[in-house]
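The following block contains the structure, expressed as structure tokens.
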């Protein structure tokens, strides 16, 4: 799936993350399996930004959390820089944490309210031994804060003294301060107001361009994804249903789900053909057999109800996990 | 303390007690109790242990503000020294409860497998009614200040462990903990640098309630004759010793009783005010009164 | 929409303040708008601009919050809601005037079956037997297109998905055949595909019943697609209001313009998003003159000193700006 | 919130009743006790509380009159033969057990034998007994190896004494206390029920045949006027007092001295002072520790103590205590002042120099006391202060009673311990006379005097010998008497026939309400 | 539900075993000798030792435990050393008092705690609320025995309205009227716990009042009292139900003191007296029964919880 002969920075194959749910919530009882991520594969080239979009519960955040080892993978592999990292022990993985960083959604929750900005930012520097002296650490913090558009003087303050946008900048600073190779941004701007969101998006885009970091940009907002990503993967109930370069995906979506998604977004400029009412996604704890999208799919046939579709290469880097992919090309909106 | 920190302390205090005149009065009373405890030797007109068979059961008056007990000991002086005991018992129990229970709860929530076992032990202990557990433990040990503090502390350690367990679980799922993990922080750092500081204010609230209830527990143990050594001038002992004089010398029951009630009430008021000022996530974890 | 009819809802000079330890702080200032039957008014703005408080004030749900109405009147079918006795007002609430909320997860009482919650609303306003009310509830559930309404009526809220719960909320809002529906961020918590369904449902119901709708949202796309007229709020003030088509054709207020430009759209590529610099000042921060002036590229001395009045541009288009944008800016 | 029906009924009834406040007892005497007796089996149990209840139910061959002289009860007469080595007792013929059987000599022999073998005080007499035989249906003959003076006193002392049970009950009974269903005696009241923690109830024995003669102490006529006697444990003394004042009890025992003046002045309350005083004892360890065989050091301790302040503090009103050095009270035949000049010196300086001479260097002296009896604790507190002033390093160890009696059996655990002793009619019954009693006073001097004392049957000689023993106690100090304490009980003024004072244990025959 | 309850009961077994071991160890580590207590002050060490042997108290501790446990499993809690009667019957003697006391206390708690809590919450911030919640806290700060002593002094000694102490069984003369003996003790016992319930009802109602669905209920045009009862109180009850298990434990603790103050022939006083008398089998029996009861009550609370809150399902 690589776009060139070069080895990708991250190669994910058949990634599975399953959770056991205790049903009946309060007390023991029967256990249910939730297949949050169920066989996800993709490559991420150095310097590339890959967007993962999907609705809530599709498993997009779990992909990010599994790749940062916040969740344990149930199966599959992930090679980072040529090295399989999911099977590493937590201790052996720790040095890799410097290279794989994460930006979290909620700027209010992702900063420890009891620590000053300096303490928060100094921690990864100290842990990974990037600077050893107090002055060195402070200088690095100051540099990074400037980089994300904050006055270095703020480092003695606590998170509650900042607005949402500023906090997200601090979150970005925490990531940038260790100079990572891969950043996983999980809904990095969705908690922000529109005017602030634009500022932060611009910042992320600038930083990515300057430092050539690879990025996995997880979002439910197709507009945001289009703005920032090179390539987009669409997830539905734990699986990637379509991957394509940005331009292709938005102009010629191949998977019926991608088309539904695009048609559902309310537009400021009139002209959208409204989507049909196609019901709601099934629960990831009880996915339908065959193609998980078939109950909502306008073109579903018998095969969709029984057989799980595999990705089909449609050329130009577009892959679609649809039994009818390619045949509907002409109908694409 | 730097002037800045002092100002911040005052600011925080103002925020917590503003508009709560009852809690403020409670705080004032507690300050008074602490002062009495600290300066007890300077305040008291008599040695609290001095026996005077001639002046037995004297009514309150100019010489003996609170009267004397059946040993002829000055009740006022004993009450003042009782403040010391109240503080020793309160702080001691809080310390034991928070150290033992707090650590158990935090560690159990963090290391889930060990936690499953530890919390089971806590469950077993919690199945014993507090006073009964304290009674049996006190009979097992000798009557001493140290043991009383230890036993009351242990009794409250169980509830503290439960509460801390719940709160740590909540914190453990916080995004900033994930962020710390992604920064490469280890277990110790996560527990003590990231989780613990967030528990300080709820712990303070829990501590204030333990402080208050420890007084009542200690008094109940004293009453049943299984608390502090009887020669120790504690409010509970004073009540326990003088309860047979309820008709003959009612002041003996009145003063220490009022002191206990006022102090427990004040501590509860302060705890309540503190609770209202903490992170709303934890508010319902700490029941208090 | 004829001018001669009295409007369904006429809000005049509504001002709200929040009581804090330091006294009353204004959160909504001198808000005026009107709404006719079958019309949809969109109120848009960023968080903290006062749009939700306005809706709560109209609905009469400020009781129990620290927010108070300090001035203005809210005329609903000619009667000022603010001066009605509580009993009279409750007769309107949930009956002629209903509201749906942002969080369908928490807006239903978790301990009662959804049917019972709908029946309760029906019977509160119409004398009806329990079984008749239940039949009506099934009808309502069918109206909001819940599949198998007879089966679902005995579900508890936690057994339904977010979209279904919002449909139940809408069914409940329709129980009294309302003349006015206030929808406060009705789709914000929902997925985009479900959002589209709910918005369509609301629009369909409006054309069936002819109710007036106030739709409150931070999402310009949602507002643009759904509303006839739009009011843009910034820091407690309506800074611009116009017919939808008119507004998107010619924006007069720099804030409206900036807001629109900040949105990355899925249909176009821009290399760099234009942004509004700075941030919305906090409630406790005092801004003299136009509240938007610290973030406005066009701000001049007058903007920093004087709060701009409303300028009308014809066709119901108005903006509060000392230096409004030209039509082809 | 709806209450269910039965609950409503209960509440309504409770409310109505609380308004009416009728006495439920009728012909029942309600006696508030300090606690619950371990058992009522008089052979093995020495608890005063047990006797207070049991002597209405069980009777011995003899009992005491008001002057503490033994008088026949189940016995009719007796004679000594063979230089006092043979005792022939004739029994009353009209006595019926509660189970309806007649009392015969077989019952008496069986009861005496069990008492002698297992009874707590029986061995004192039976170490000299060669045989006990029934020499007729109503005649029992006891043969002694040597004359034993105190035999009749021992037999009359029902506490831990030879109560007469039917032979059928005694036959299988060993050391363990007889269980309540076998409480069958000859007294004016018979066993009713024992509800643990709730009460012990005795009911009138209608077939009781009273001894003849005017009532005199425990002797003479016994008439049961109450339908039932109910002994209710009320351990909290405050509750006993308030309960009696509130009319919930007719009689309450063991009331603190400090309340005496108030209660005595209260027209609704009768106070009854016990005639037989009890006295505190501080035992010294003769087996282990610094006091072992160091009589000089013991005398130093004895010299340091002034008993009066302790009695003032612990007891209260002068009327209720005597700083009396004699082990038996003034007026008693055993009263003697021998050695009593050392009873209460309170001379710290002399004590200090005495201790120094005895080689005392400030090593800690462990003093065990229990808080279960406030007067023990209060006294110990005063003594500890006095001893400290005389330079003694007293390590006061406060335990609950159960712990204390466990620890006092271990010689290495203590040097002094505090206990008290009830009134006894014969000095031989005083615990310090028992060689095995903790403290373990077994000096040759004691052994010699004790042998002479028990062998003599001549009252005058026995009194003289007791004086020598008491003097020896003040010299070797195996124990220190703390003074006489006259306990008192309170009763409702409705009770008649109580008399001015209680002999030893309160009794409720000839009492009415 | 039945299956769930059975499973929960089975799950209690290991906890109970652990608790029983703990009870046994605690009790036997207590210094003191029941034989010595039983024989009284004049008993000699030889006599004490003989009785100890007779009572089987000289066997190794683990054997004593296994023996005891074996008997417990067969429903035999042993024989009281002090009373010489089966422990179960000794406990049964005290059960009537304690159970009635508990029931009457609960009645007090419910009739005082719930209405005052509701009024306090609905009139949040007013003087009514301040007096109610302040008063509740004051009552929770009073030592139980102190309150009990003063109640006796006022209502029994001075006014003579109610009996001061003791409790004759309702099977005794007087019948149900004997319940008046429990009025003061149950009030004493209820006061601090009712205070807890007042504050809990109030706090839970205030919490629920802030929830979105209450806003929905008000938006429906429901009258305030309907909102308060149907929507706020009903939901607040869930939190209150959880507190009842906790209250039970507190009740048992305070019953020990209350029964002592009022000289009630209940289980609480029995346990204190048994500790003082070193009546091991009774202490073990009582504590074990209380622990079992506590666990069963917690189970009932959980069931009530599930019944009150449909989100909780019992599988």
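Each chain gets a letter, A, B, C, D and E, in the order it is written, and its residues are counted from 1.
Keep this in mind: contacts are C-beta pairs under 8 Å (C-beta built on N, C-alpha and C of every residue); 3 or more make two chains touch, one makes a residue touch a chain.
What you are looking at is a predicted structure, and each value in this text was computed from that prediction instead of being measured.
Counting steps between touching chains, the shortest path from subunit B to subunit C takes 2. Hopping across touching chains, the smallest step count from subunit D to subunit E is 1. Listing every chain that touches subunit C and subunit D alike gives E. Of all the chains, the one whose CA centre sits at the greatest distance from that of subunit C is D.
The geometric centre of subunit B is 44 Å away from that of subunit D, both derived from CA atoms. Centres computed as Cα averages put subunit C at a distance of 53 Å from subunit E.
Averaging Cα coordinates per chain places subunit A and subunit C 32 Å apart. Chain centres here are Cα means. That of subunit B falls 23 Å from that of subunit E. Residue positions 236, 238, 242, 372, 399-400, 403 of subunit D are each in touch with at least two other chains.
Residue numbers of subunit B whose C-beta contacts span two or more other chains: 139, 243, 246-247. Within the complex formed with subunit E, the residues of subunit C that make contact are 59, 61, 63-64, 90-95, 98-99, 101, 103, 106-111, 120-121, 124-125, 156, 158, 169, 172. Remark: subunit A residues 55-56, 163, 165-166, 193-199, 201-202, 205, 220-228, 247, 250, 260-270, 272, 274-275, 277-278, 280-281 touch subunit C in the complex. Of all residues in subunit C, only 46-47, 145, 161, 163-164, 191-197, 199-200, 218-222, 224-226, 248, 258-267, 269-270, 272-277, 279-280 touch subunit A in the complex they form.
Chain contact summary for the complex, subunit E toward subunit D: residues 31-34, 36-48, 50-51, 54, 80, 82-85, 89-90, 93-94, 97, 103, 107, 110-111, 114, 149, 152-153, 156-157, 160-169, 172-180, 182-183, 260-263, 265-266, 269-270, 273, 276-278.
Subunit B meets subunit A in the complex at residues 174-176, 178-186, 189, 193-194, 197-198, 200.
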